[in-house]
Amino acid sequence: MFSHVKELQYNAKPSQPDPVYAKKLQEILGGQYGEMSVMMQYLFQGWNCRAESKYKDMILDIGTEEIAHVEMIATMIAQLLDGAPAHDQEQGAKDPAVEAVLGGMNPQHAIVNGLGAQPNDAAGYPWNARYTIASGNMLADFRANLNAESQGRLQVVRLYEMTTDPGVRDMLSFLIARDKMHQNQWMAAIEELEQTQGAVVPSTFSTEHEIQDVAYSFMNFSEGEESSTGRWANGASLDGKGTFEYVQNPGANGQKPELKPSPAYIHGTPPLDMRIMQNGGGIQPNQQ
Amino acid sequence: MFSHVKELQYNAKPSQPDPVYAKKLQEILGGQYGEMSVMMQYLFQGWNCRAESKYKDMILDIGTEEIAHVEMIATMIAQLLDGAPAHDQEQGAKDPAVEAVLGGMNPQHAIVNGLGAQPNDAAGYPWNARYTIASGNMLADFRANLNAESQGRLQVVRLYEMTTDPGVRDMLSFLIARDKMHQNQWMAAIEELEQTQGAVVPSTFSTEHEIQDVAYSFMNFSEGEESSTGRWANGASLDGKGTFEYVQNPGANGQKPELKPSPAYIHGTPPLDMRIMQNGGGIQPNQQ
Amino acid sequence: MFSHVKELQYNAKPSQPDPVYAKKLQEILGGQYGEMSVMMQYLFQGWNCRAESKYKDMILDIGTEEIAHVEMIATMIAQLLDGAPAHDQEQGAKDPAVEAVLGGMNPQHAIVNGLGAQPNDAAGYPWNARYTIASGNMLADFRANLNAESQGRLQVVRLYEMTTDPGVRDMLSFLIARDKMHQNQWMAAIEELEQTQGAVVPSTFSTEHEIQDVAYSFMNFSEGEESSTGRWANGASLDGKGTFEYVQNPGANGQKPELKPSPAYIHGTPPLDMRIMQNGGGIQPNQQ
Amino acid sequence: MFSHVKELQYNAKPSQPDPVYAKKLQEILGGQYGEMSVMMQYLFQGWNCRAESKYKDMILDIGTEEIAHVEMIATMIAQLLDGAPAHDQEQGAKDPAVEAVLGGMNPQHAIVNGLGAQPNDAAGYPWNARYTIASGNMLADFRANLNAESQGRLQVVRLYEMTTDPGVRDMLSFLIARDKMHQNQWMAAIEELEQTQGAVVPSTFSTEHEIQDVAYSFMNFSEGEESSTGRWANGASLDGKGTFEYVQNPGANGQKPELKPSPAYIHGTPPLDMRIMQNGGGIQPNQQ
Amino acid sequence: MFSHVKELQYNAKPSQPDPVYAKKLQEILGGQYGEMSVMMQYLFQGWNCRAESKYKDMILDIGTEEIAHVEMIATMIAQLLDGAPAHDQEQGAKDPAVEAVLGGMNPQHAIVNGLGAQPNDAAGYPWNARYTIASGNMLADFRANLNAESQGRLQVVRLYEMTTDPGVRDMLSFLIARDKMHQNQWMAAIEELEQTQGAVVPSTFSTEHEIQDVAYSFMNFSEGEESSTGRWANGASLDGKGTFEYVQNPGANGQKPELKPSPAYIHGTPPLDMRIMQNGGGIQPNQQ
Amino acid sequence: MFSHVKELQYNAKPSQPDPVYAKKLQEILGGQYGEMSVMMQYLFQGWNCRAESKYKDMILDIGTEEIAHVEMIATMIAQLLDGAPAHDQEQGAKDPAVEAVLGGMNPQHAIVNGLGAQPNDAAGYPWNARYTIASGNMLADFRANLNAESQGRLQVVRLYEMTTDPGVRDMLSFLIARDKMHQNQWMAAIEELEQTQGAVVPSTFSTEHEIQDVAYSFMNFSEGEESSTGRWANGASLDGKGTFEYVQNPGANGQKPELKPSPAYIHGTPPLDMRIMQNGGGIQPNQQ
């Protein structure tokens, strides 16, 4: 169960309206790596958690914090839209500055949302649940979380560069710090899991059912060999159980595929001989 | 530019058709973390790569390999669908086994694809590009890649458990090994980058513009404190630049938000006084 | 800001696992009118609210409750999936009952979510933000909310009929009661608004800019006249400002549309004369 | 069956082209609450209608009218796009006004649709069927319809404010009047149904299977109590069968959820003891 | 404008309910190539038509017919769902046949649609407008239409094979005939256009701005040469203006791409030298 | 299996950056008819191909070429974005030209992709797999391919008109030529198939199961008869097996649909008599 505190977690007050920037800020609200994504991802991971309770609690603590981040950004966007010039000016008095704003803002902010935030990204594309994952394997999911916080902080930093409004920057400075903590948090949790169960997900699959020959080979599928000079092609593998090998000309070891014709009731392209005689009758699978 | 080798990278021959399993196998072809996702993610990361050429080459090598994995799984699915009983039986002779197959298979495999693979997941949901990311920041993207290979290998392993067909298992054993390599590969590339630029993405944002107070604090947004016992709440932070702190009762430090009424031309809910007097006239912003 | 209480709002314990029912229950979690929809719809309406604070508070109170409902259903689904037989049986010992379960359950519950709830509907389609609305006009939005609670309660009732599990029914009985309250709540809020501002949304648009002739006419676009006998075609209009009229043969009062040919640089179908002479030369807009 | 009348239902002629406004007008054509949504929603409700024929006829009459509205708006958009400057100007002669138009118009109107309307909204997002509902319960569905006409009229009014073109305003004045009628129509139909069957959807579920304690309680999930002063927390409930009650501190009455570990073949995070001993072997569910 | 005729265009009466088949039949109602697609595609092509009126009229005539086809199939589906066993049986008396039906039917048909048709496909995926095209170039669009009628008829035929219900087959026999006509119709319209303007779309682009060398070459991007034996690699090109050529080893004629580093404010991966010195300071683009 | 050649198939170098044009160019990369669509469509058709090997080889050759086209356009877009002014200018020095660029460019190109191409269209909508088809019937699919190449070339030509950059035009001139070849290629393959199996898809369905009366009739569903003058209403049908007929007043030959009330456990609108007596008790299907 949840309860609401009316104050925001941190300041969310722009110094002045800026409807064009409001459109951009939507990315970290309802985008692929916006706050809605981490909020939903963490809540579902927490609710589905089958491990010991310190994990469930930790995941839900951060998931609960993310609801507050969604709230802060939504509040900020509504204020950036305050008094947006979303109506027609008198014929003879069009102001180029107003035109510029109207051209750059998202028209749905006025038409659909009446100067409110929308649960969409900077292109107006709606948030959807396929942005999230809760797999039941915590090491896999914590890697998803570390990625989400990395992409997310990167986007907030880029948005910081796109404004000079002190109020907006103040809020972003808070989010940037929290995203640093959250990257650290998931790195810590990953380290803890990797030390007890190993680095490869899932750790529970027996290696005897893997094709061992190719488990540590970097395969070069191009002509040059620039790719041979990286860490991924030299030295011990990161899981501590193998050695990287560089395969210059990886071969094709499978069959040349040939599929059987489909049965008549599928009405695919008929086999060649039937195709040719067909004008004189052809197959008629539906006769009964 | 690319060229095609007609043989598959590895065997993809089922021992017998199994249209119900074909539906499940779609997940690792066209699902959120299927082979189409890593193929497209790596290709776009490679084409957009602005770093030194060993990275571009490495990323495109693995992207090119993933096209071959898509090819193998598509070929496998087509064969699992061979001769699927996608037509009606005579009224009086319905076979429960056939019924079971028809109930469990994806009807689109017959109606839409004529017993071929489709670029969708196990629920029939089409693959889409929001499954992928190419952010221009390699450390962020390699974390996305490590996550994708972790989720992907987990799903292949689960699918391995769901069949006993030796041919299918043979192909999956190959993919499971390659996904192990790919996890190792991205871990190696991540290590290389972290060592030179630090662990937090992006590394180029000046800490003086972050709210330092909250950059290493784990905040407890629930009553109990199970979450205080993990690595994420104790000791040095993983970026080596701070110390984790556990905040038992994180406060709300922002304003209690109050938004201004919208302008008349937005036709939001009118302010209270106007709402009440309205039946006698009301505001009419569109008079001109 | 939000905080989490570890206990659920109400019991969510099935008497026994039922993975097939888990698939169906997803509808009221992540479907068009599931709990995620009302949660997100109310939260965004609350955050964007520009009216007096009793409304903002009320909307956020119910939005906060809905997060708890999502939590309850997610928890229920995870337990319904406990021990789902998501793996292959030995060749010679296939159990028809197990087969039936495997055929009817959502394979993604095992492959993707590791026996956890997913933020999707009963067809596996992901929740998306276009299920919600926050328009800035409370009367419009409260009608959306009344609709959502009506569709939602209808679906919960249908799901109640589809199970006899006492634990599941217990939770549904709670949700059915809350949805009754929520219907009553929105009806009350609507009544309050309609009494002060009138029943038509938006109330602030001047009637002199409407085509009055057609503002209270029911138009019959078919041959018979069964539609003439309803309340919508007889008596005073519900906004108290007009009288319903039944138009037997509504005419077409607009032009017969004819569009100009597109400019040459659009390369639409060329006008007839150019189309004919084209092989001898044609227009070449791109010459420069 | 349907037949087409070549004249439009009402005038749809702009006074002059305006490609930037064309982009905005797409919202009421192919948006969440545009004419395509009500057209499809009413047609499917009509075709699925299992009640007496006056309802089926009424719903299909209005559904048929909505096709004509889609036609009018599509025609209007095509004319607003007439001669849009969708090509490059000579290098040295860029006109700021042309630039402004090119920046604000939807490039797909030229590239994809050759200066024609598209079945999308103002952000270019395609119309989809999850915007509609046909539930088989008319009271629920008529509430959906009343909401759709309320949101729809609100958007048309906002678009009216965004232009001064007399031809566009003429068409919108017609649509605004029809949307007023349609709101009245659904209110009338709702009143008719509520009077015979009660106000709560569905009316057919026995109250003895509801948790009565919470069926009329407003629950306060925040610290302050502004929400206690509304109609929804005081007096008789709107269904006439209960009394609203305000619950200041709603308790958590459910369990603190704890989920069992998943079976080995799911490869979720292993239980703690297995996780620790794992490097020395671990579980291997796939051995056979 | 449109008007509705209450009778269906043709019979749509199943001999008996079959909820499992109802799920499959959804494909030709709301699928990628279902009747909703051709209905919407033709209506938008007609409304946007800028060519002479015989085309606009023809396109709208067939678009209007398609609404009737949607109506027929929706009606059929509702009847196939009549009395579907969408509720739980008594504990001790589960009927395997009922179970089978419940496993194979779409649960949303009961939960969401109350035994009515839904505007979705056989996987429950909602229809969306990106299934359609109206490009403003009739030759391009008529090819889209011919494709749609070909895929559509193929799917109807496959569904015919999947049932023996005489009532269902009767309706499908009608649709199969109409789809044959519609294929013929678009072939006729295509022939008419190709004869006056040539076969390549668009016909209005000057060939002097094409790279002529590659305008008639089949390029072999694989090792073997089976592809050299088709009509596409031999003889006169179909547009009558060139000769097919088979290129055994098509070369790469472009640059080896190298992209510049991104500016500092983008926070992409820093250039190598900056990456290395970074721990001692690094770039700080946001200092001001 | 595939291998990568580091050079591009053809030049992809703009003469100068143009971030606004980059947004438009996305259409032919990740749009409905962009290069990702033909790439994926051909690859899946090839992998699923059940006909003789010259077809499989041909389809995969062109599918492999399309990967190279995606690569070229992605590379072009990244360069068009070089140095895009995606950050805020000093307060007092806003440059109108910079503003214009910021208003017209896709903000996600900076925020999400760090000045790289994205797998989306010109409206920022992500590519999805429902843009493609692989039906197993080659004649149907080749018509899909001819359509895709027609729509695709039309869009490339329109984009050619929208720029004067010689480098961009050079690349587009190559693509326009290849699209001409690909139209010719599919026309040739279609001709080959039509000559052996007839023009109607599928050719294998027995005409005795079609309603012959309507197999060659053009039906006029409107008042005027402009549609009677086209090739589609006169002369021999294009499949050579019938004669076109123009039906002036096509009748409705089906039933007037009436659906049965739904069972009680569906909780649809109750039948009229139950609806009326309901307040005194009503049906209670869930009593047990």
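Think of it as A, B, C, D, E and F in the order they're written, each chain with its own count starting at 1.
Keep this in mind: a residue touches a chain if its C-beta (ideal position, glycine included) is under 8 Å from a C-beta of that chain, and two chains touch if they have at least 3 such contacts.
Values in this document were obtained by computation on a predicted structure and should not be read as measured data.
Under half of the residue numbers found at the subunit A and subunit D interface occur in both copies, marking it as a different-residue contact. For the pair subunit B and subunit C, the distance between C-alpha centroids works out to 25 Å. The centroid of the Cα atoms in subunit C and the matching centroid in subunit F are 27 Å apart.
Residue positions of subunit A touching 2 or more other chains, listed in rising order: 1-9, 32, 47-48, 50, 53, 57, 60-61, 64, 75, 78, 86-87, 96, 100, 103-104, 110, 112, 114-115, 120, 123-126, 128, 130, 133, 135-137, 139, 154, 157-158, 160-161, 164, 202, 205, 209, 221-222, 224, 252, 254, 257, 259-260, 262, 265-268, 285-286. If you draw each protein chain as a dot and join the dots that touch, every dot ends up joined to every other dot. Across the complex, subunit C is touched by residues 5-13, 32-33, 53-58, 60-62, 64-65, 72, 75, 78-79, 82-83, 86-87, 110, 114-115, 125, 128, 130-131, 133, 135, 137, 139-140, 143-144, 146-147, 150-151, 153-154, 157, 160, 169, 173-174, 176-178, 180-181, 183-189, 191-192, 199-202, 205, 209-222, 224-227, 229-232, 237-239, 242, 244, 250, 252-257, 259-260, 262-263, 265-268, 285 of subunit D.
Residue ranges of subunit B in contact with subunit D, taken from their complex: 154, 157-158, 160-161, 164, 265-267, 285-286, 288.
For subunit D in complex with subunit F, the residues that touch the partner chain are 1-6, 47-53, 86-88, 90-91, 96, 99-100, 102-104, 106-108, 110-112, 114, 120, 123-126, 135-139, 193, 196-198, 202-206, 208-209.
For subunit E in complex with subunit D, the residues that touch the partner chain are 1-9, 30, 36, 40, 43-44, 47-48, 50, 57, 60-61, 63-64, 67-68, 70-71, 74-75, 78, 112-120, 126-130, 132-137.
The residues of subunit C lying in touch with subunit E in their complex are 20, 23-24, 27, 31-32, 96, 100, 103-104, 121-125, 154-155, 158-159, 161-164, 221-224, 252, 254, 257-262, 264, 266-272, 275-276, 278-279, 282-287.
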